[in-house]
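Let me give you the structure first, and then I'll get to my questions.
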Amino acid sequence: MKDIYITDLAGFDEERPFNSFFLVLAKQQRTTKQGKPYLVLSLGDKTGQMEGRVWEPGDPRIAKDFGRGDLVKVRGSVSRFDDRCQVKVEQLRKALEGEADLKDMLPCTTRDIDELWRQLDAAVESIVHPDLKRLLKALLSDASLAKAYREAPAARQLHHAWLGGLLEHVVSLLGLADRVAAHYPLLDRDLLVTGVILHDIGKVHELTWETGFDYSVEGVLLGHIQMGVDLVEKTIAGLPDFPERLRTLVLHMILSHHGKLEFGSPKLPMIPEALALNFVDDFDAKMQAMTSEFERSAREGKAADELTGKVWALDQRQLLNTKAWLSREGK
Amino acid sequence: MKDIYITDLAGFDEERPFNSFFLVLAKQQRTTKQGKPYLVLSLGDKTGQMEGRVWEPGDPRIAKDFGRGDLVKVRGSVSRFDDRCQVKVEQLRKALEGEADLKDMLPCTTRDIDELWRQLDAAVESIVHPDLKRLLKALLSDASLAKAYREAPAARQLHHAWLGGLLEHVVSLLGLADRVAAHYPLLDRDLLVTGVILHDIGKVHELTWETGFDYSVEGVLLGHIQMGVDLVEKTIAGLPDFPERLRTLVLHMILSHHGKLEFGSPKLPMIPEALALNFVDDFDAKMQAMTSEFERSAREGKAADELTGKVWALDQRQLLNTKAWLSREGK
Amino acid sequence: MKDIYITDLAGFDEERPFNSFFLVLAKQQRTTKQGKPYLVLSLGDKTGQMEGRVWEPGDPRIAKDFGRGDLVKVRGSVSRFDDRCQVKVEQLRKALEGEADLKDMLPCTTRDIDELWRQLDAAVESIVHPDLKRLLKALLSDASLAKAYREAPAARQLHHAWLGGLLEHVVSLLGLADRVAAHYPLLDRDLLVTGVILHDIGKVHELTWETGFDYSVEGVLLGHIQMGVDLVEKTIAGLPDFPERLRTLVLHMILSHHGKLEFGSPKLPMIPEALALNFVDDFDAKMQAMTSEFERSAREGKAADELTGKVWALDQRQLLNTKAWLSREGK
Amino acid sequence: MKDIYITDLAGFDEERPFNSFFLVLAKQQRTTKQGKPYLVLSLGDKTGQMEGRVWEPGDPRIAKDFGRGDLVKVRGSVSRFDDRCQVKVEQLRKALEGEADLKDMLPCTTRDIDELWRQLDAAVESIVHPDLKRLLKALLSDASLAKAYREAPAARQLHHAWLGGLLEHVVSLLGLADRVAAHYPLLDRDLLVTGVILHDIGKVHELTWETGFDYSVEGVLLGHIQMGVDLVEKTIAGLPDFPERLRTLVLHMILSHHGKLEFGSPKLPMIPEALALNFVDDFDAKMQAMTSEFERSAREGKAADELTGKVWALDQRQLLNTKAWLSREGK
Amino acid sequence: MKDIYITDLAGFDEERPFNSFFLVLAKQQRTTKQGKPYLVLSLGDKTGQMEGRVWEPGDPRIAKDFGRGDLVKVRGSVSRFDDRCQVKVEQLRKALEGEADLKDMLPCTTRDIDELWRQLDAAVESIVHPDLKRLLKALLSDASLAKAYREAPAARQLHHAWLGGLLEHVVSLLGLADRVAAHYPLLDRDLLVTGVILHDIGKVHELTWETGFDYSVEGVLLGHIQMGVDLVEKTIAGLPDFPERLRTLVLHMILSHHGKLEFGSPKLPMIPEALALNFVDDFDAKMQAMTSEFERSAREGKAADELTGKVWALDQRQLLNTKAWLSREGK
Amino acid sequence: MKDIYITDLAGFDEERPFNSFFLVLAKQQRTTKQGKPYLVLSLGDKTGQMEGRVWEPGDPRIAKDFGRGDLVKVRGSVSRFDDRCQVKVEQLRKALEGEADLKDMLPCTTRDIDELWRQLDAAVESIVHPDLKRLLKALLSDASLAKAYREAPAARQLHHAWLGGLLEHVVSLLGLADRVAAHYPLLDRDLLVTGVILHDIGKVHELTWETGFDYSVEGVLLGHIQMGVDLVEKTIAGLPDFPERLRTLVLHMILSHHGKLEFGSPKLPMIPEALALNFVDDFDAKMQAMTSEFERSAREGKAADELTGKVWALDQRQLLNTKAWLSREGK
């Protein structure tokens, strides 16, 4: 069990030895001025990451066979330089099966994943259109896909960049889509719900999260839109008599959900449900980015009625937390 | 009472005389090749507009004192050239008070304006925050402003370009905003509802609709964003002890509701409610534009499963009516 | 057999009756001022198109069952209005099987399609990499796909907009790609050749050409990039042990061949062969556009040393035919 | 009186104690590795700013009640790390009333503010149009507004970013506008002069300068264009019988003076005076930016005939000082 | 002598014969339905242009040897179709030397060209820097260049599109540049004046105006910036000991005077005089465009307080004539 | 002779003295905290650059008369701080004539420059058109121009940024242009080859490379396009009876070879050869940039099947080395 986290280390005295498990995010060999090799590591867990140095890589207490993506047990101490901390590693070995849990190593949703999955499942059950329902059921009944859907982050860095982020984002969209569909009779609710569940499904192949959040080579070359379309097409091909036009519309929603060519969608939304999907997706991502910024701003010690810094993901605008600001009127 | 409309005229035999009331949308004097003056008119009513010619403007049966914006009674007949129709005007006089109704002369919402107004009123009543409520009540209790709010179109040409269009758009937004606010705890529902009601209020001064839909000179020079801010500021100035910060947020929502500088908003949305207002406003306008395109496409005799033409207001994309298309699968 | 073409009609005397076969490009019913229905047709063949009118659609000599895309036999005469001509249709029936040939009805490449196909075939044979070769062979051995590949235009309006245009464009690219691959050792020639043959293959489903050049509804909603990727993926799925990485690269080349997101490619070219494919494709299309403009300019009677008009497909620039201009130096 | 400035400190020996007054630009509490709190300050005066550290914030000689924006008396010494300097603070208390002068703490115009104000006043007196004159007199006779107008910088970072910068910029524009108005009979000189004086007046509320140059929260949410319009509208509302059209034009000039939507003006200049205002404003700002760059380049020890570095405020272009360069011809 | 102008023809009775001189702006041969050739002409003079038809080109009274750019004497009459007029040409011959004056055939400045030239000359004389003065004198002493400089329009369609327009524009700029140089000590007045005189000098080769305003083929391929640089370089090459740095600055001003790469300047203005030249040039062109629009609006019968239509050359904005609008306040 | 290079220094022990020759890339005087002046140098050779410090500039063993661009002999030792190295200079004098070679000091093509020059020469000889041939011969027979053409880099930082880079780029283009011209009969091969040889010739004046790669002041103010046009024009002016139209086309190719206004070409390519020149130039630069990235990626120790980092010169895309990636399939 892991009981010492990266964020704890910052408060440790220098020279005080500790033991803990970390995920190896990067490993490089360098050479000192005297020509002696040493290792530069990046060690992480769900609370952050820290540099590590192995000054004696030849020491028998340092494993030879570990690398990026491995869970390791480390014995070492903290040194400080200016305001930055570094782990001086004295012993290091790969974690044994079951000794450490990947969930402790990467940022993770604060929501209950089982509960989110039940909500996704309920949305599938609520669909009336039989072809859309059997398409979703066929997809989500694939155990390895379902596992990945539960784990995947929604992005490497921007919104919902944590384990379970994709599912959390989709469940939020399901609620929003239901409300929007109820407001506009023009919208086919079942089709919109299907689009919400499938629009980012390619991310389970585009992103990798076992060794820190990154893109797979295939993900960079093809992208989650194409990968999602491929997954859905293959599933439809296995469903007898799936209506051709319905297939076209489902694929069109995935292809067009970024809303503009320059955002990587090769098609603009041309049906009401695709337009709605683009709007709810974009809006939910921006609302989540706002929420995250307010949290970060609070963590960094800003007063509740200060503007945030310029937010890269929102065109460099600053943000203001309405409720906090109003509550301080006159103070 | 008006019983002959522009759209009826297209079916009339040439030379068959008729009488009806129209709105004069334009009036120009020109000269024939023989140097004789004649008048070129544009006559309109709620179903469309048609060119008219007065070949004998000196005839005592042709009024001298009419101009753009006047309701007139016309006696004339239809002539045709190629596929276009023209009214040959033989008699023309200004309509007497009460003889004709402006509502027949301009396109008008199909919704019941009194009912829409009741919904707007109910939204105001539903607001809990006392300052926002008294601001809205102060504004809407101004009789001439309320009258204009009920009549104004939302635009000259794009979405909701008909009498009552502004109110119809706002009421649709109120429903949508309520749903969105219920989904995101970050949103202050009262502030968002206030933004919805006030965001386009400057249009009651920017647009003119008595003589066809157009922009006032002041509207072109200042714009409805500035005009709306001005109206709200003046109203707030008359409310004792209105909180300064609340005033700033309300004005910020109006200023930023177009979402981008290049769309004429001098500020980007920086608070959650301004972001939400921009999204629901843009989305509702595009949903309405889609609906209008499908109606137009049907009117022009396209089959329900054909794509529309390229839609200027939606970046030249073509549109497809999902439900119609799916219902013809396999036909 | 067809012996009278649209371009011939312009020289005919009014009232002189003629018989010929045409393709119906459009058919609309309208109503005269007296309320009598009539038909407005657009009739075409490979030399152009002309409006037609059927003033007596109820006449038993006018077929009832024809529509857009039908080959018809017409008896009529030419009338003129200003400088435009119109066919007055007196008799019309659908062509019998074999009476008329689609090739006469649409613009067609001037090259020998069998010869072009042999060149394509030779390119496939020249490929050394066994997996790429079996992929191409599997695809092109599908008879209906091969037939479509031989017939399809490369576009509705821009470059190579004629029957056989896709094949003609690909064969030109094959020659150019071979030269470019020989120049850069970094390039894998087999992969580049494969990209050339497959990059636009989705156009066989995106475009329709039986009834004039147009886009299918599926083509508009999904696009030829996605349709081509789908076709190739399905074919690969049927090939045992096709290498995963090779599959990714082939799909990446199709996805990225437009070179920029705003041109509808969801990915930028990231491998040398994809970069080369984008360049040769773009360059060949622009060279063909230049050639077509010089031909059009000559047809319109411009002197060889005049600039062409502003060319829409080339950013509104004017063009000059180097050789013609230089040959007139000093004249 | 202040006799030691930030720029002097760089030359001081380490450990040498000194006393001086500074403005607190930022104050943050952090914790050392041993868990002991310490303070990180940013101390500034008109010559620049330097980091400071209070290692013993509990020491009775360190005031508890100071913060951002306070003038403080500091006793400390300089330490150096690499090439950067830091103030080690040993004593700190808030300055007494009159002990220190804000003018010493922030960069300030080198021009005589009273003289600049006289020139502004003369421009107001020179206006012939009675309504414009009384508008300007009403505004500038507000003592607190006039004080702010005299003090405000024109920007936080770009052109004229110093106390009195707004006034200096406006006075330069007045001279330029007079010359331009004399050249073009189309221009109404009084209206243009009015536009020059009022175009940036909202900056007195948008910017704050007591505690270093920054934007107020209201300034960020509303912007100086809106704040200036508001100020002018309120003043006009208090002037009996102010002509409605004149009001519209004055507001239009303020709204449109940035010249483009994407620069934050919600309206393009549509009257000759607004066009002229946009040009002189933009040109004067760029001339000032050029002058500042040449001064900075000289300060940084570049030769007079070298190009400056790439200038961010001028689209990354480099600049050359014509006169200096020419005077070295042949050297 | 010419006494009948294009604008007069619109008022003529049909069939009434007239004689006058015109400039042939275009000539094309077409063929009637009966296969008979006829000529389509575009005839122009300084008041406008009109289509002409020669129905009997074989008639001995119709010259064979005329073409685009010839002055011709025409006998014909006016016919009308709908609201457009056409000249039916019955006789046509080339004008004899001296019978007609090119000045009557193209729009021309209303200013006295000799007086404008004297002002240009005075500006050259006022230059103190000896090298700049001898450069300008060398250029303008070339008789054919001086003749072209006096005649050339400043553009084909946009601002100053009339004979003498280039000179008129430059003389306006000279006055404005003098005022601006007097305001900014940073500016070298002689260099700025030189830039004003030379910036558009390439237009004397880029444009042709003998046969209507058009671009030469060389002008389209090289552009007036390059042509002007070439002219100035060749002149400098003939001046012994012209300082190298001064040459670079003069060329830089010509190259950069459009102010942005996307406006065809390959360099941004990097010296104060180039920045100033870009501003005065752009501003004067826009002021002239405004003036022209107000004149056109008046000619088209709009009231002085109406907005103009959307102006293409000014980003589609509408314009308002300040003085006219204010003078009608309250009417 | 130089036997110790910058890249060697990184492996040296601290304090170990060494001697070597370097190029001075920058020299600045600074002052220590005690007020003692010292020198900060940037020393370079063809393998890279390193900071140097002269702590005792007054020492007689330190030359006084050296500066940027000088070759110097240095005696010193390496010190390290964190992971960066610095040269502590103890002795320094300017290199004597012949002691050191500029070729050792700057990155240089790996190709044999004499062989490249022979290929350029052969291309000139292969030209059939006599006027183009004598133009190229006249230019390249200028000994100082030819020397510069052999030495010049093609850019400061982007593609081919090494001595001989311009020539290497041109020779690659000659091969590619020959292949392209053979493919398109529309292209005049001689004109295209001439364009290839001349398009970047202005770089011999725009860039300086004696003291590290930089732009001359004239180069920044005028640019290599204008400088190349000037060089070619002057050469043509010295060739009797050079055809005017041919001159225009050659200049047009140079002017337009960047392909877009926003890339600094004042004209778009309007003739087939200019279009081809733009394509081959752009494509060759990008292929070279890809090659360099793969080399850098390998140097930085990335595995052959990893993506490179985001490449600034290629719109921030990542790249993948096809052959390396495929060869690892399944590993």
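By written order: A, B, C, D, E and F. Residues from 1 in each chain.
Quick note on the criterion: a contact is a pair of C-beta atoms (placed from the backbone, for glycine too) under 8 Å apart; a residue touches a chain by one contact, two chains touch by 3 or more.
It should be emphasised that the depicted structure is a prediction, and the values quoted were computed from it without experimental measurement.
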item: If a chain touches chain B and chain D alike, it appears here; value: A, E
item: Most distant chain from chain E, judged by the mean position of its C-alpha atoms; value: A
item: Chain whose Cα centroid lies at the greatest distance from that of chain C; value: D
item: Over-half contact-pair match to B-D, picked out of the listed pairs A-C, C-E or D-F; value: A-C
item: Classification of the chain C:chain E interface as same or different, half of numbers criterion; value: different
item: Cα-centroid distance, chain C relative to chain F, in whole angstrom; value: 45
item: Where chain A touches two or more other chains at once, by residue number; value: 217, 220-221, 249, 270-271, 307, 318, 320, 325
item: Chain-chain contacts as defined at top; value: A-B, A-C, A-D, A-F, B-C, B-D, B-E, C-E, C-F, D-E, D-F, E-F
item: Residues of chain B that touch chain C when the two form their complex; value: 11-14, 78, 80, 83, 301, 305-307, 318, 320, 325
item: Interfacial residue positions of chain F with respect to chain C in the complex; value: 172, 175-176, 179-180, 182-184, 186, 188, 191, 243-246, 249, 268-273, 275-276, 279, 282-283, 286-287, 290-291, 307, 314-315, 317-323, 325-326, 329-330
item: Interfacial residue positions of chain D with respect to chain A in the complex; value: 28, 33-35, 81, 217, 220-221
item: Of all residues in chain F, those that touch chain E in their complex; value: 217-218, 220-223, 225-226, 229-230, 233-234, 237, 248-249, 251-252, 255, 261-267, 270-271
